[in-house]
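Next up: the structures, one after another.
Consider the two complexes below, in which subunit A is the common component and subunit B and subunit C are the respective partners.
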Partner chain A sequence: MRGDSSARGQANLVALAVAVVVLTAALGVGLAIADGAFGDAERDATERATAASLAETLVHPDSSLSARHNVLNASAVAQFESWDLDNRHTALEGHDVTVRLDDETLATTGDTTAGTTIRRIVLVEERQSATRTPGLSGTGNPAVTLPRRTDRVVLTLDPDDDTTVSTVRIDERVELHNDSGLAGEHEIAVSPLETATLGIEANGELSEGDVRIEYFPVRTRSAVLEVTVDA
Partner chain B sequence: MADRAVSAVVGKALEASIVIIYIGLLTTTLYAGVLPEYRTAAATEVADRTVADVSGDLQTAVPSSTATNRTEHQVDLPATIRGETYWIRVQNGALVLEHPHSDVGERAPIVLPRSVTSVEGEWRSDEQTVITAERSDDTIEVRLETGER
Partner chain C sequence: MRDGRGQLSTPVAEAGLGVILIFAVVTTFALGVPAPDTQQAQLDLYAEDTATALSGEAPLHQDATRLTELARSEGAFEREHERADRRLDELLPDNVLYQIETDHGIAGMERPAGVPYGSTTIPTEHGDVTIRVWYA
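Right, the complex of A and B next:
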């Protein structure tokens, strides 16, 4: 009987031990899941916010890079250097920053392979010069409409000796006038907001090549601005 | 016979004490080690996100058009982190979150357009928090201000 009793007592203890082990295992699994959840939630929000605000600052109208909001100026982009980042954004000292436009690295202050990247679609605008030599022939007062808007026009007049160009109008407004004849290069500022039509008043015959018009239309392309910050 | 009677009592007492010790151990590990650690981990994440939100709000508070002279921007902060109120200040061009618990804290650099000449002020988390941006001539001053909640 004594043996029986001890066997019963042991049976109870074994059951208890198993219960304790199972409970501990369940707790362990619970803690592991909680750890995993914390691990998943870990994300460097400040790094991300810093990258986002730097990207926003670069395309802000105040920025040295931008022509207007969200539009970058191609010549300013070409001049942008790593030095500008350090110098203009002193708050970013101690952070590694890389600024890229499409696949070209504009500026970098360190290795940012582990950083957070913000991408923005921006426009890059560039003024390119284009030349138009209207095919003039005969007498009359020719008018030339520039195909694209421009902020200035460089007009080169080289008429024959027996022809005088007295007046050049842009959109009916007199820009150049000389009774004894205009010749040579003239730069005229025009409104970039409307299409310019040049009117030439000539006394005599004009032929192709006598009037050369150089204008500077804006060409925009979209690009991806990438800002990576590694805190 | 007396032995058998004792054996049951001893057995039960043993089981009870094992259970009590086990529960005691469990409670100690959970409440002294794991829980505060998790609370701090969660608080660090919340602090991180709060600072990130505020720096985003600073960004939107800056008027981009010269037609706007003054903007006021209400900010929703979590009133407490880890059960305690905390401070958000501007220090040396960085946004700093200060918390009574030494392990919780965050700082983020302030990157704003060049026209913004100064960012100043501080907030306590249980106040109503407002960002004001005021333009004078070509410069913009940004302030962290408080109202009544």
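Right, the complex of A and C next:
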């Protein structure tokens, strides 16, 4: 029994030591897991907030990319590149960011495979050139109404020698005038908000092909703008 | 014998209890923090963007925008709802379903119960128009 007593004391000490080691280890593992959980939650929130605000900035009417709210300008989109992310959106420094439109990557500043993505629905508008050669014949002052709205018109006049085109009106406003005759290519800015009607005042006969009108109607398609941020 | 058992088990039992306590706390961290509802925010953005796009589009017959036209009357809704349906289908990604509700009816898909959805309401001259979107 006396021997037992001393053995008991030793065993107790060992058990205490083991208990302290086990507890410390458990506490360490626990703290690591808790820290990881907090870190993940925080990182995710930061990424999400950054991605959401960058996406909002890009679709905002004042953004360099957009024409109106949620409407992107195709030529601005074509010019947008990684440089813009670094220099125009300096708050993104230290984050890896990728901006994609549908499946095309517009700009990227790093690998964002583990990042958080915000998607916005946008319209992409593009001005495409279209040409109209009105079937003019005989004398008179013909008027041509363009089928689509446009922001400018390129007018190519090539009348016969005995015909003089003196005035071109758009929506009753004189845009070009020359008493001795207009010829060649003229670019005229028109209101993109209303349909344009061209009035041509000619002294003599005009035939098809003498007047060529190039205009630039807007074509819109819908797309998904994806902003991915990896903090 | 009885003494030995009692002496040996106390610190071990305490350590065991301590470990259980610590892991109980850890479990609340690992499992207890609910994942943020990220779907909801994204769906709300989809709904808002769609509404913005539709608000910016010229109507076919009358009124200021496509949405106003849709909300105008029962007849207008009957006439326009298929077009609005098609437009939403074009705008939204394929994995997102939608419905558009006016005072005169609902166009689009039927929304299943219990599915998280994003919505936005646009007031128009003829009443509110609500767009709801959810993942397929």
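By our rule, the second predicted complex is superposed on the first by the 188 of 231 C-alpha atoms of A that agree within 3 Å, B and C clash if a C-alpha of one lies under 4 Å from a C-alpha of the other, contacts with A are read in each partner's own complex, and residues count from 1 in each chain.
In this text, a residue touches a chain if its C-beta (ideal position, glycine included) is under 8 Å from a C-beta of that chain, and two chains touch if they have at least 3 such contacts.
Note that this is a predicted model, so its numbers are computed, not measured.
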Touched partner set for A:143, first subunit B, second subunit C, both or neither: neither
First (subunit B), second (subunit C), both or neither touched by A:34: both
Touched partner set for A:174, first subunit B, second subunit C, both or neither: neither
First, second, both or neither for A:16, with subunit B first and subunit C second: both
Which of subunit B and subunit C A:26 touches, first, second, both or neither: second
Which superposed partner A:44 touches (first subunit B, second subunit C, both, neither): both
Which of subunit B and subunit C A:69 touches, first, second, both or neither: both
Touched partner set for A:78, first subunit B, second subunit C, both or neither: neither
Touched partner set for A:123, first subunit B, second subunit C, both or neither: second
Set of subunit A residues, in rising order, touched by both subunit B and subunit C: 8, 12, 16, 20, 23, 27, 34, 38, 41, 44-45, 48, 52, 69
Of all residues in subunit C, those that touch subunit A in their complex: 3-4, 7-8, 11-12, 14-15, 18-19, 22-23, 25-26, 29-30, 33, 36, 38, 41-42, 45-46, 49-50, 52-53, 56, 90-93
Residues of subunit A that touch subunit B when the two form their complex: 1-2, 5-6, 8-9, 12-13, 16, 20, 23, 27, 31, 34, 38, 41-42, 44-46, 48-50, 52-54, 56-57, 60-64, 69, 88-92, 95
Sites on subunit A touched by subunit C in the complex: 4, 8, 11-12, 15-16, 18-20, 22-23, 26-27, 29-30, 33-34, 37-38, 41, 44-45, 48, 52, 55, 59, 68-71, 116, 118-123, 222, 224
Footprint of subunit A on subunit B - complex, ascending: 3-4, 7-8, 10-11, 14-15, 18-19, 22, 26, 34, 38, 41-42, 45, 48-49, 51-53, 55-56, 58-59, 62, 64, 93-94, 106-115
